[in-house]
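Chain lettering (A, B, C, D and E) follows the sequence in which the chains are written, and residue indices restart at 1 in each chain.
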Amino acid sequence: MAERNLSHFACFRLGAPFFSLGQAERSELLEGWLGELRVAAPRVELYQLYPSRGDVDLLVWSALPAGDDAAPGRFFEAFARATHRRRPALDPGATFWGLTRPSPYTGRRGSEREIDAVAGERAPYLVVYPFAKTAAWYLLPNGERREMMGEHIRVGREFADVRQLLLYSFGLQDQEFVVVYETGDLARFSDLVYELRATEARRFTALDAPILTACHRPEDDALAPWL
Amino acid sequence: MAERNLSHFACFRLGAPFFSLGQAERSELLEGWLGELRVAAPRVELYQLYPSRGDVDLLVWSALPAGDDAAPGRFFEAFARATHRRRPALDPGATFWGLTRPSPYTGRRGSEREIDAVAGERAPYLVVYPFAKTAAWYLLPNGERREMMGEHIRVGREFADVRQLLLYSFGLQDQEFVVVYETGDLARFSDLVYELRATEARRFTALDAPILTACHRPEDDALAPWL
Amino acid sequence: MAERNLSHFACFRLGAPFFSLGQAERSELLEGWLGELRVAAPRVELYQLYPSRGDVDLLVWSALPAGDDAAPGRFFEAFARATHRRRPALDPGATFWGLTRPSPYTGRRGSEREIDAVAGERAPYLVVYPFAKTAAWYLLPNGERREMMGEHIRVGREFADVRQLLLYSFGLQDQEFVVVYETGDLARFSDLVYELRATEARRFTALDAPILTACHRPEDDALAPWL
Amino acid sequence: MAERNLSHFACFRLGAPFFSLGQAERSELLEGWLGELRVAAPRVELYQLYPSRGDVDLLVWSALPAGDDAAPGRFFEAFARATHRRRPALDPGATFWGLTRPSPYTGRRGSEREIDAVAGERAPYLVVYPFAKTAAWYLLPNGERREMMGEHIRVGREFADVRQLLLYSFGLQDQEFVVVYETGDLARFSDLVYELRATEARRFTALDAPILTACHRPEDDALAPWL
Amino acid sequence: MAERNLSHFACFRLGAPFFSLGQAERSELLEGWLGELRVAAPRVELYQLYPSRGDVDLLVWSALPAGDDAAPGRFFEAFARATHRRRPALDPGATFWGLTRPSPYTGRRGSEREIDAVAGERAPYLVVYPFAKTAAWYLLPNGERREMMGEHIRVGREFADVRQLLLYSFGLQDQEFVVVYETGDLARFSDLVYELRATEARRFTALDAPILTACHRPEDDALAPWL
């Protein structure tokens, strides 16, 4: 089996102490934090959430190889240390994480539509949400599930410019999967989701919220929304 | 396809720091904020929510053309900057947003009952809510859905003075649609909603809350409720 | 159609700044507030909620004629101004409101069991809750609904001392109705609700919470619980 | 009908101002409060909730005769006054209350397994939760309900050391009943609840949470957990 | 019956006062607290939660023999005293607890896959969640339930390196069980949970969230994430 990667998405609300800081101090706080996070994981990306959602301000996407059993624990410890040093200016919100795994339907990985979380290029928009299927889904005959997933995959292929990543969270978080999309065109991505509503597999969706739609911050102008 | 517009509704709670300000400072804070928001979007309107709802104080409706893929990101960044500069006096609450799109049932736009978010005149009352249909709806035969929507549209036509806007949020937010109404007569609007309860399409409603009923603030007396 | 009235119920939590005030200042704050609210609506009544419920302290019931389309907007603006001037000592909680309307089942109003919100006398106890029926209810044949409501009304008539008011909130708030009862005897009112459980119409109840059970504060000793 | 009693359970979270007090001041605050509460009701008992539950610290059980229609109102006013004087050191949480009533199934009261809230002795552990049945339950033939309740009561009789009290809250709070148990042995009480899962009546349970499991504080060492 | 043990899991959020402390004071606060907790229970272990979950920072697992009826009460009192002395630096979150009990399906305890909460060694990762089955489950014929549990147990046996503990909370907390797993390999544990989705017993799961995935803190470096 190919090595699994761990992707971790952490939401933050900026706390009152953050807003009492001047522009230079805000910049220093956020840059120092990102610097420490980048020691915790080989790939760390910053996204703007508010005002796409009202309950959170920013999002951090960390990606790391998870072949070593101790890797998640080391990452969690380093992430916590970096963040706790900036609290309560940074107020932690929901986190979503999971592990990559070969698909039981396509039996392979790494198609061009698949996101490379550790080494790939980031698109302007990111959409992330926790996902779970109904109990009935897992008790269907394998052939029936395969047929429904085939229909689902065929619709997706018509939107080749939307890239995708599926993370497995069974038993690790409240959802079963974390679904990740990258796109440069939100309207087109929304059309894809609309098309998928008419597929049979949709009947077996038990959870697909909250949807986090986020804007990637380029490294040369990362902090502008919060200064 | 006609160019799509983006409409964005942002709720706010006024925070304790706001209430420690004097009347002139409150006015200056809100006017400065609205001024910066009006750079973020060509159309920005202010509404009063409390005491129509108890959990939020005011609502900002921003509307902009979304033909350019980067437009949502630019708007989100400018909106966040303007707002973060006034936090925690302004405490962000829920946001609802989506894109216009030709209706698959009428196949056209711009009927006289349809709201022009960017260039139209604003009515005294605004009603906005997130909306989703059940999974079963999207798997009905197209003809059946068309017939049910026809019945729904016929009821609506008897209330020609109530204007309407439908925004598509599939995959962008937790709901599928944002439904927007404008009216000068809340009692008559409530009658319309009551009549729609007896249509078959209602069986397929999965979500239609929270309902935000808001009062438009005229530009020459915008800030009175909060000074 | 007889003129419609608007009834508005606003819950409040007393904030930390309230409790740092002395007795005279508390009294002045609450009296000044009630005085301004009584300009916003012709009838304003004060009720004690805590410890009947744990999440809210007091309730204000405002009632006004709503024949003029602009009346709700004027009321909301005046109510907000009066309240915002006392925040954060007064911390707004949920509000419930709706409009009166002739019943489609009895076709009349003003029976002796019906509450006159604007001009009637207030009873010692008030019970208010939001209410909605299932989608299936509105698609039943009219005769079936009428029969079920008849059974419901017959049970109610055996408790002639419990007065009632039904407000329509369709499209204005998350519920369809606000149900209001006044009584001098909570045990007897509870017996009435118990009896109504065995009526067929109950199957079609989709929402009937939160229930606000409140004690009317007489004008000559209105503020005692909070001083 | 025998006189009804009212039992009222009030949860509290201790607020930050409480924890800034010294030991003697904490003791004085709590004792002064309990002294005033004991004027509000003839029987007032103090219980420890945290760390049995994480969201609340302590519980007050007040019991009083409710034959006089004005009794609930008088109790609520006195309880509120005593508590508001100690806020925000005491931060009110959920309250649950209801009235006793002869059972429609056994037609009597006062069996030895029934708790006497006003005059009985308190056991070391108390379990309280709000309870509601499905709409379908109340529309079953009376005989069917009686048979199911008989099975339920027979299981309970095998645990004669667990005492019970059923309060009616129909229309007064969001639940239909408040269920109260007293025991000296939590493991044995848990066995009773486990046995009851296999009774038919269980199918008709719509609500049985939150469960408050609390430890009685003896009067001679009432305040130890919080000093 | 073998003596029952009580296991108690307590989540905490670190409050603003904690973050205003220097490193030495933080260390002293946490060490003093753990020292007092270790008097309350013979086994007390510390775990890191954030950023595995976003709403809580750390977890304390206490285990004690519960043969003596007064044991839970004594533990609760001592735990509360130790914690309240450090509030609001320590802000209590959810707690989950229950009692061990011989399985009605295997009729025995202490298999090598079973966790010894009081005397065993701790694994690097801990997964804890509240669990409840549907009402229908308990009304199935015993043989049918036994067969489904057999299938469930067979899948588990293929993952012999994942250890497990089942606690009974019927009537004591909102859930029926607390399910506990220990593992050194989160990816493998997640595979186990994925496999269990395809077992018939899954149809009868009513609750299995929130899932707390936590990292054990070794005694010689317990506090690193929070200093």
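By our rule, a contact is a pair of C-beta atoms (placed from the backbone, for glycine too) under 8 Å apart; a residue touches a chain by one contact, two chains touch by 3 or more.
Treat the numbers as computed from the prediction; the structure is a model and nothing was measured.
Colleague: What's the fewest number of moves from subunit B to subunit C, given that each move must go to a chain touching the current one?
Modeller: Minimum number of steps from subunit B to subunit C: 1.
Colleague: How big is the rotation, 0 to 180°, that puts the C-alpha atoms of subunit A on those of subunit D, in steps of 5?
Modeller: Rounded to 5 degrees, the superposing rotation is 145 degrees.
Colleague: Using CA atom averages as chain centres, what separation in Å is found between subunit B and subunit D?
Modeller: Comparing mean C-alpha positions, subunit D is 45 Å from subunit B.
Colleague: Between subunit C and subunit D, what is the separation of their C-alpha centroids in Å?
Modeller: Computed value for the inter-centroid distance: 28 Å.
Colleague: Hunt down the residues of subunit A that sit against at least two other chains at once, touch-wise.
Modeller: None at all.
Colleague: For subunit E, which residues are in contact with subunit A within the complex?
Modeller: Within the complex, subunit E touches subunit A at residues 14, 16, 19, 48, 50-55, 57, 124-125, 127, 181, 184-187, 189-194, 197-198, 200, 202-203, 205, 209-211, 213, 215, 224-227.
Colleague: Note which residues of subunit E are touching subunit D in the complex, please.
Modeller: Residues 4, 8, 10-11, 66, 69-70, 72-73, 76-77, 79-81, 83-84, 87-88, 92-95, 97, 99, 135-136, 138-139, 168-174, 176 of subunit E touch subunit D in their complex.
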